[in-house]
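Below are two complexes that have subunit A in common, paired first with subunit B and then with subunit C.
Let's turn to the complex of A and B:
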């Protein structure tokens, strides 16, 4: 895992890889490195998809099972913008954010608001909402797979190590790097919003003591709506950024839902940084186990590990133990 | 359960229950004479799904554990039955003539794996149909319910289990048939004679009656009262000295066993089983039946599963957007009719009252001083 941290400094990585290559007769070390880089790509996706959930679940305690559908909506916004206005993927990000956040606000107003303090009902309602959103998108765009183009300047890959003939030995695609960067940037922005602005202070006040905040003149209903909408907007951005990796289709969100939950549960929602740690742990362990065994088994093992983790530490790995 | 709850009538012999089950059973017993083969197999399937919904209702409606994993228990039972039927294909019906099922041959297996081979024998297969899901559920239950994990996390765990097992079954192609599952199984035989569609229908009907009667009896008893109390205030029940975890594990395992048996009956009817029934989507379907029918009503989920299945069958001829309709229905029920469609029935027809023991009339203390 420490290999990964040193990726940001290309030079040290080069020597590290060189050394390892010499020690372990070449191929193996490089293969593991490549696999870790693959894992780095997974980490980016997990970070992006988990972040929105960290807001809606972590901050507001809303069990949002429609999270995957908001990701899907973001991807469809990008698809529409690209196919009608030939827009660059990067430029569609604000639209995806605005549209999904607006839908999130409406959903909060119509559905979530009635169910506060009732987590199982919320879970059921958001699951129903997910089915409805899928159904509506299917009505509008049909179930056909849609494709979104990644920007040309993000194609190709960053070659970290090449052999004598110039063929890439260790490389990561620019788009994977881009995903990780977007994830980190959004994490940074969110942390700034939460810990550096008056809106964030109000959100934290409401989560700590709703009645007291109300007494002090905080419009808690507006805060709830805004926070939920923001979480959904982040899911929308995730959808946009992820969309070129696979095809865009109504059920695509389901794939990301379980993973996003696993990240949030692993990292814990006490602090937003937990999400980064959670996605790093899950993404890299997934990649490593997949290298040793195979992909499906890796998924099974990681999911099992997370189940065990929930059993013993439902508050997440990276949460400071509170006295109850 | 020898523990009694004070203030409530002891459950007596359930006369009313038996009368109603008999009437219901007789009504369905006439059906094969009125329906064609296709309709009959559809009704059989719906009854199985209905019983599955009842088994979920036991844990969700009564005990408050929302599980998306009931499709998993159902499918585990289904696979046990499918292995039995597949291994008993006569050599002439088997394209490869050998002992080995076709999908194992395709995937290069040389001999039957030790954990599948015993399923060739009917008693073992029948036992496995119930025991495998029950054991799996017991392990999960033992693991989860002895902790302080709250309801929502349990639901997320069931989601993860369902997701993980689907991936696992799809990946183990040589043993499970991968995405296709186990297809082209033999018919269910009774000492050499194949059982007809009507026969299977009656088997299923008997099973459904058994499930319903058992659940009714259980929930009407003091044991059922404790389950209901766990749902309402777990902590208080624990303070009263009941071991909440034991109760939860018991009902969870029982429910899984019933679901597994449903799966075991589903395979002879449907003639195949595949990871589709393992996936979260099918688990959701079961949850939706219970939610729409009415939690804690037993008969509600059964009816909801059968009616929705029937409606789905006709609607899907017209439109592809059945799921959208179900989603809207679920949202409306959760938001506006939280106790399900059964609660809309007038009190008289609400059979749920049967399973709710009436409190003993409190003795009014004579007024002071007079």
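Let's turn to the complex of A and C:
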């Protein structure tokens, strides 16, 4: 996490320095700088949505196609808390985590538990689960778009550079910054849990050798359930934090599923820091290509690049060498 | 042993899950079997009801919009069957016969629209179909209706450049939505427009027409950007707008891209006073979904707004809310879905009163020239091109999410299916009676705007 922060400021500082020289000659440089800065907004969303998947897929090897629906559930929890208790968005985050984690635990107990070691069957089961969850939400809340409010103190933009007339040239909205910070904070907490606590050690032990862990007295079933629930809870937080940028609707999670998968596959699943690298690479390249060409084309190019990457480095960019 | 248990339980799980999936498929197909009467009230449909197909998705990505069109259709059919609302002077039903709806759900899948249209016509033997929202779904069912010579009532503003003998178009043609809004934006905001839209046929065609109109009056398009359908990440497009410094943004984004775009637009610090958005698909429904503070000061060009001041509209809004909930809003597409049901019913009434049989040819001929006091004002089906005379309006969105109408034609505008900026002088005249020959005619002249 620390590495990333220094890296990102490094990039902006570099561009800031370059911009000084360009301010008289080209407007383009400023626009691109602004775009790269705003690209962090995309990076933040990718990081948030990818993190939960990094747990369920990266650690537990469950191909969870219902990941998007857990994001959606988190957004709906926020919607319910806001519309019934007029709660501030930030205060709804713990509720979103608890509710989606609880649903995740139930799902693990009823479905996933029976399918460990059969990735194809988890794929089918979670795909179906996604349809069921969307259907239930549609029955409860109807298909109409709902909306949640962003807190007022997070409106407005942080202006880094403005031109002579006072118009902002390089600026990023506070809410986008907030998303990035939440993403980084969750990554930090998750890394601490995994590498700094005995629970994390047990999780890693179970992933590496389930039978051996069992012999050593680890309650693997409890560990599995806890880990899956945690991954789902993270997706729920993502849903809460993203929801003010768009509207809340049953199919909303689908938008994030593919992106989250690209992030996880690109970054590699063995180290959580790979998620950070994956979201940074995909988010910023998407932002840059979309700015220079256009949005649909940028998606095509980035997706193609990910396919090529998987071909030559199926284990992703950040992986540890394993003895098999 | 434990392995065995695990295996069987997995097999069992698969059996159960396939059962569930099967049941789901059955349920989806089961919808085709005539679901009679409207919205739950299992009223007696009496002798010899008239079968009408209702083809809107209530699941999938476009369900959010199409469900509200279905609701408006249900309201209209309920009023016709019970002889209330605009149908109060005609008695219950159409010349004594009630409408039996065959409601199907194509699940937002364009291919399923095609299959379900076939089923409605071949198996359920409906005499007409009310339905479709996206141009993609209309293009998908069009060959079916033309091949089987059946009739579709289509309630949506669209890109034009189509004139089928088997479709009654009750939404806006380009000249009823674009033609007034482009000069309005040019005059009130400035000459430079930045065009955005979702990446499919309607927004691209619509923007192509708007570009031609803007350039004709001396304006300039400083940007033209499209986002994949369903995109909710607009940082890049917003940055391009900031860099291009246009006088206004013309938006043809649809679906859940709309709330996302308006929210991020304001979040990025662009004020409505500086660069207002002129949009076509942004209606009361989408504004309710984004929160009105994000749309305040932006504009929409449409035929109908919930604030239109007519007694018919007041009744429509009250009855819609009474049936579907006080927190619901009405919008232009819903109003079109509502009014076209009355066009159909009036045409059927005419056929039955003349002692004819209800079939495609008789209903089509009877629909031509039908007039109706719709919530938006008096409207009429053009007897030549089967599009609808509609009012052209522009509104500025207020803090409460409702429209302040800033421009309105005095009466309904005659529809011109072909964009005159692209195809000068091209008109569409179906012969009487319609023998389904090619209706396209080139006059080569400028068409004067005509009103009802």
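Definition applied: the second predicted complex is superposed on the first by the 297 of 324 C-alpha atoms of A that agree within 3 Å, B and C clash if a C-alpha of one lies under 4 Å from a C-alpha of the other, contacts with A are read in each partner's own complex, and residues count from 1 in each chain.
Note that in this section contacts are C-beta pairs under 8 Å (C-beta built on N, C-alpha and C of every residue); 3 or more make two chains touch, one makes a residue touch a chain.
Note that the structure is predicted; figures quoted are calculated from it, not measured.
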*After the subunit A overlay, clash or fit between subunit B and subunit C?*
clash
*So, A:181: does it touch subunit B (first), subunit C (second), both, or neither?*
neither
*Partner chain(s) touched by A:146 [first = subunit B, second = subunit C, both, neither]*: second
*Mind working out whether A:173 is in touch with subunit B, subunit C, both or neither, as first, second, both or neither?*
second
*In the superposed arrangement, does A:138 touch subunit B (first), subunit C (second), both or neither?*
both
*On subunit A, which partner's contacts cover more residues, subunit B's or subunit C's?*
C
*Once the shared chain is lined up, is A:38 touching subunit B (first), subunit C (second), both, or neither of them?*
second
*asked:* Output check: A:91 vs subunit B and subunit C. Expected answer is one of first, second, both, neither. What do you get?
replied: neither
_So in the superposed three-chain picture, is A:212 touching just subunit B, just subunit C, both, or none of them (first/second/both/neither)?_
neither
_Going by the contact rule set out at the top, does A:304 touch subunit B (first), subunit C (second), both, or neither?_
first
*Using the touch definition from the top, say if A:265 reaches subunit B (first), subunit C (second), both or neither.*
first
_Clash-bearing segment of subunit B, relative to subunit C, as chosen among 132-140, 150-158 or 312-320_ = 312-320
*Could you pull out which residues of subunit A sit against subunit B in one structure and against subunit C in the other?*
111, 114-115, 121, 124-125, 128, 131, 135, 138, 143, 254, 294-296, 299
*In the complex of these two chains, what residues of subunit A are touching subunit C?*
27, 31, 34-35, 38-39, 41-42, 45, 111, 114-115, 118, 121, 124-125, 128, 131, 135, 138, 142-147, 149-150, 155-157, 168, 171, 173, 175-176, 244-247, 249, 251-252, 254-255, 286-287, 290-291, 294-296, 298-299
*Contact set on subunit A toward subunit B in their complex*: 63, 111, 114-115, 119-121, 123-125, 127-132, 134-136, 138-139, 143, 254, 258, 261-262, 265, 294-297, 299-300, 303-304, 306-307, 310-312, 314
*Spell out the part of subunit B that touches subunit A in their complex, as residue ranges.*
64, 66, 143-144, 147-153, 155-157, 159-161, 163-165, 167-168, 170-171, 280-281, 284, 287-288, 291, 320-321, 323-328, 330-331, 334-335, 338
*Considering the complex alone, what residue numbers of subunit C touch subunit A?*
6, 9-10, 13-14, 17, 20-21, 24, 58-61, 63-64, 67-68, 199, 225-228, 230-233, 235-237, 239-240, 242-243, 256, 259-260, 263-264, 267-269, 285-286, 288-291
